[in-house]
Amino acid sequence: MQLGMVGLGRMGGNIVRRLLRAGHACAAFDRDPAAREALAAEGAQAVPDLPAMVAALAPPRALWIMLPAGAATEEAIETLAPLLSPGDVLIDGGNSFWKDAVRRGAALRARGLHFLDIGTSGGVWGLARGYSLMIGGEDAVVRRLDPILAALAPGRDAAPPTPGRPRGEGSDPRPEQGYVHAGPNGAGHFTKMVHNGIEYGMMQAFAEGLDILKHADSPELPEEHRLSLNLPDITEAWRRGSVVASWLLDLTAQALAGDPELEGFSGHVSDSGEGRWTVQAAVETAVSAPVLSAALYARFASRDERRFAGRVLSAQRKGFGGHLEQKP
Amino acid sequence: MQLGMVGLGRMGGNIVRRLLRAGHACAAFDRDPAAREALAAEGAQAVPDLPAMVAALAPPRALWIMLPAGAATEEAIETLAPLLSPGDVLIDGGNSFWKDAVRRGAALRARGLHFLDIGTSGGVWGLARGYSLMIGGEDAVVRRLDPILAALAPGRDAAPPTPGRPRGEGSDPRPEQGYVHAGPNGAGHFTKMVHNGIEYGMMQAFAEGLDILKHADSPELPEEHRLSLNLPDITEAWRRGSVVASWLLDLTAQALAGDPELEGFSGHVSDSGEGRWTVQAAVETAVSAPVLSAALYARFASRDERRFAGRVLSAQRKGFGGHLEQKP
Amino acid sequence: MQLGMVGLGRMGGNIVRRLLRAGHACAAFDRDPAAREALAAEGAQAVPDLPAMVAALAPPRALWIMLPAGAATEEAIETLAPLLSPGDVLIDGGNSFWKDAVRRGAALRARGLHFLDIGTSGGVWGLARGYSLMIGGEDAVVRRLDPILAALAPGRDAAPPTPGRPRGEGSDPRPEQGYVHAGPNGAGHFTKMVHNGIEYGMMQAFAEGLDILKHADSPELPEEHRLSLNLPDITEAWRRGSVVASWLLDLTAQALAGDPELEGFSGHVSDSGEGRWTVQAAVETAVSAPVLSAALYARFASRDERRFAGRVLSAQRKGFGGHLEQKP
Amino acid sequence: MQLGMVGLGRMGGNIVRRLLRAGHACAAFDRDPAAREALAAEGAQAVPDLPAMVAALAPPRALWIMLPAGAATEEAIETLAPLLSPGDVLIDGGNSFWKDAVRRGAALRARGLHFLDIGTSGGVWGLARGYSLMIGGEDAVVRRLDPILAALAPGRDAAPPTPGRPRGEGSDPRPEQGYVHAGPNGAGHFTKMVHNGIEYGMMQAFAEGLDILKHADSPELPEEHRLSLNLPDITEAWRRGSVVASWLLDLTAQALAGDPELEGFSGHVSDSGEGRWTVQAAVETAVSAPVLSAALYARFASRDERRFAGRVLSAQRKGFGGHLEQKP
């Protein structure tokens, strides 16, 4: 099958590679000529601009946009839409806001075009392991693109079968291969958003737990209770047979194996839109989500150099108790 | 009435002063001769050591220990107990752990002595405004010391009457004067501990709210939504008629009036035992206390220079996504 | 001065009453004839519909809309705008979303009209105590309406002066009277929103603290540590001299005085838009707000009858440990 | 090697079975004769009481206690200690408090005995998959029992090797087999405690995320944004290639496959000591642990039928705003 890819960064480039390896044909565009030439060398058809991309694809076309969420993605959709023909499909595989997918789907349908929002997990590992795909859009369109989607997904063997899960006629075989048609437009990015929200919570659970292990030698403990613990060994052991076994634990053990104190990192942690949108979705639907929120706030706090909230506390403490927590 | 005070710091010294002004007689001891001489000049009987303190008081004695919780308080009790006579009362007015009060009360009762744990709120303002007292101990002993306790409390006029609160025969008049016999030993410090836990939560609520006001000009907002807000004026206005009116708000408005950016403070905030013990009490009794805990954790995080938890997050992010949050 | 009030519920009605008592003239409209007749009996000019309201006011007019946020307020503004003349002022005193105030201000300015967003705190007590007003809009317009605003505010005597706060020439006298011009459109409702966010946090701090006091007799504690505490007396005592003294504490003590077990309440707690918007503002501006969020989530959880999250936990526990937490 | 097992519940029984299958000899005791007979039928030597257990083992003996933490474990240790000979080893494999392990280790060493605290993860799956073991105690003792420990652990093949982890001379080979000598007494149970704390956080992250997915069809959302999502399919897809892939996700997908609404569960969730102790350890060492705490509190709240905190909120709301949230 033929796919056009717009945006050849870490994600877009590897998606093209995985498709090429599976025997699909890809046209590839990026503002950066070096990026498109690199993929041309691996078998993609490099195109110099979006009109050339549209020209390079046979209708009904499928174009995958893999750009930063927000302005870049919006602009690409607005540029492409007038160039396309009825029946063509635009895919947003980036980390876009799910309500944008609802809006874009409706706007493109009004022009006779189709839209898929595909949440794509897998990071730098997707090329080798496959991508977990969470898809929103019309059923017929999703089915039409199945060869592409199946090639990107990790495949059934990537995990042992789930006992009790129905198989065969009447059951959807795609989730077992690592991709899911979650619902209409918006459902793909909503599902990916929540996936990332859970990811934030799991990461923070590990971060707090390891921080407690690290502080087991705290001078705040009586001497007979102080423990000096080996985090690389402990996380390695947990990878087998424990309840917290997970890919995130594998990555944590790997990082600690090479840098037991994690001295290569500053402790300032970025956050992306999806962690924030997950909290907003919880708030909008009245779902209590303290863990997902706390995980987001820990990242905010890690970057808060102004410390205004702490200053307010110190000012109050000085006010009622004469405590001094002044600038050194 | 006669009281002996052991420990003449900010709290102990002012308690003596307030009692002297109310016509009570006080013997006063502190390791620091200057501290006891200062109070002698104001009418207290300065004593040079604990045996002299005991000698200076007529049985049945009342001795108030106002020392840092932990070793200092424990040592004072252990030194004094053998010097006392049956019927004497030892008072711990510090911020001691409530389970220590249970233990100390039982141990002293076994020697024929009495013990009161009195949680004392009021800080540097207590001398003028009076102290809010939360008292644990035997009923007869609390009643015997009532002249002292009533003199320390803020008094009925410190707040308007609570509509619907029963008065007169059969109702306890003390809470309306600002002191409460909360229960047996432990109840005083338990109540004070929870008071401080609530205080942590209220303080953090203000700190977060003001931080949001402060960030209303954030470049993360679209330009038309950015607001530059005057915190001194806003907090001053809230002092009248708003739902958040409170003494903590008064102190906050005062701090902001003099230093609108709170530049005098570093943002590192200390915590005391009572915030921690409140969380532990919640955990021991299976009470969900997310706000009181979050308030405590914000203080911990404000002092966390090691940032190990943040490093774990960065290491994971690098592992799955190739994100780099390395040391500058 | 003359004001037209649209919406004569608990808030709108009492605002009119407070203005009438201060000698201002009010035209009053409500869909419910009984509501407007009630106010007519107290001196307002009742009008039967919005055109009549406009006709009853002399230009430049001032109209205060006090309706539920959302559709009702939007509709009133849309109906009134075409009836007004250049220079007239529309006021939204309800709990509207602050971004709506930004939008409405710009739209009305484009028609030559003025708009004020006035966050109004004071609840059922505002009539007697005055209203805390947080105002967004153009400076000249706010100054023009000052007689109305000053009459509504609690006034300088409602709180003792803040030490260190500048007075006299060059300083704004309004905050000391309980109202503040917070900034351009949006600033009033933003400030009120954060006020309510803080209120949520303070309320939850009290709720958790009292819950811990209540559970001090928990069978999870060893028998010698169990305490049975008198919450009406404790909260009454805290009202004087303690750090948690506040209007919310006054109300809490009052509720407990009449119903020590709070048996009149179900434990299900509503939330309003402003608690949610505060969390969203924190998330949008990367401010860590764990306490304000936890307070909101506690309300969500109090109404969650489906308990799906808990079911997920039980299902996991059964999966790895054979624990059974099945339906009774 | 020979081991005596005291306590033949789900965990103890399967540990014996796994050892028998690996060719070790086991003496087995349980208060319940049926439990010990069952294991006798599988090759263990059933003994009728603790003295018989001691008699059945050749010195230096190794006895594994697998009983509920607290009184049962304490009593077993106190009964066994006087029956043992110098050099014998007592193992506590249960979920005991880590400070108890420190105390017990010191007390037994004073009698010439040895003590190991072994945190044991694996639940009902340990028999087949092996147990993740976190061990505290003297190095020589841990090495002496290595044949037993290695047989219980999952083994190297249970997970792919961690890239970059040193192997061979100078590196400890045990963590790669799924067991770790974490440090002196206390370190095993401390590490297991934190493991469970992390587990709580991860579980709650999934619970909240799935709850948000579940409420994507909420009537609080505008109609065009409502989504009806298929949780069994989504969680199944996530098992492959996504960042949240984990054993807990496998179990969640399995539960949802059989019961998509999880109707078999009530939503009330128990907690064990280790979740609580993790929070207490964080508080004692000043580590910010909002996620691990929130996870614990969600369980507390799920069982809170009294809803006193919610009642306090409703009472306050009624007090300032006239809101009624009374009993139906």
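Labels A, B, C and D are assigned to the chains in the order they are written; within every chain, residues are numbered from 1.
Assume a residue touches a chain if its C-beta (ideal position, glycine included) is under 8 Å from a C-beta of that chain, and two chains touch if they have at least 3 such contacts.
None of the values given here were measured: they were computed from a predicted structure.
Note on subunit C versus subunit D: their Cα superposition corresponds to a rotation of 180 degrees, in steps of 5.
Annotation: A-D is the more contact-rich of the chain pairs A-D and A-C, by number of C-beta pairs in contact. Residue contact pairs shared with B-C exceed half only for one pair among C-D, B-D or A-D, and that pair is A-D. The most distant chain from subunit C, with centres taken as the mean of CA atoms, is D. Inter-chain centre distance (subunit A to subunit B, centres taken as mean C-alpha positions): 47 Å. The geometric centre of subunit A is 31 Å away from that of subunit D, both derived from CA atoms. If you average the CA atoms of subunit A and of subunit C, the two centres end up 38 Å from each other. For subunit A, residues that reach two or more other chains under the stated contact definition are 123, 125, 204, 206, 208, 211, 243, 247-248, 254, 284, 286-290, 294, 297-298, 301, 309, 320. Within the complex, the subunit A residues that touch subunit D are 99, 102, 106, 121-123, 125-126, 129-134, 153-155, 158-160, 162-166, 172, 174-180, 182-184, 186-187, 190-191, 194-202, 204-206, 208-209, 211-213, 215-216, 218, 220-221, 224-225, 227-230, 232-234, 236-250, 253-254, 257-258, 278, 281-282, 284-292, 294-295, 297-298.
Contacts from subunit C toward subunit D in the complex involve residues 10, 123-125, 203-204, 206-208, 210-211, 214, 247-248, 251-252, 254-256, 259, 262-270, 290, 294, 298-299, 301-302, 306-323, 325-328. For subunit D in complex with subunit B, the residues that touch the partner chain are 243, 271, 276, 279-280, 283-284, 286-290, 293-294, 296-298, 300-301, 303-304, 309, 320.
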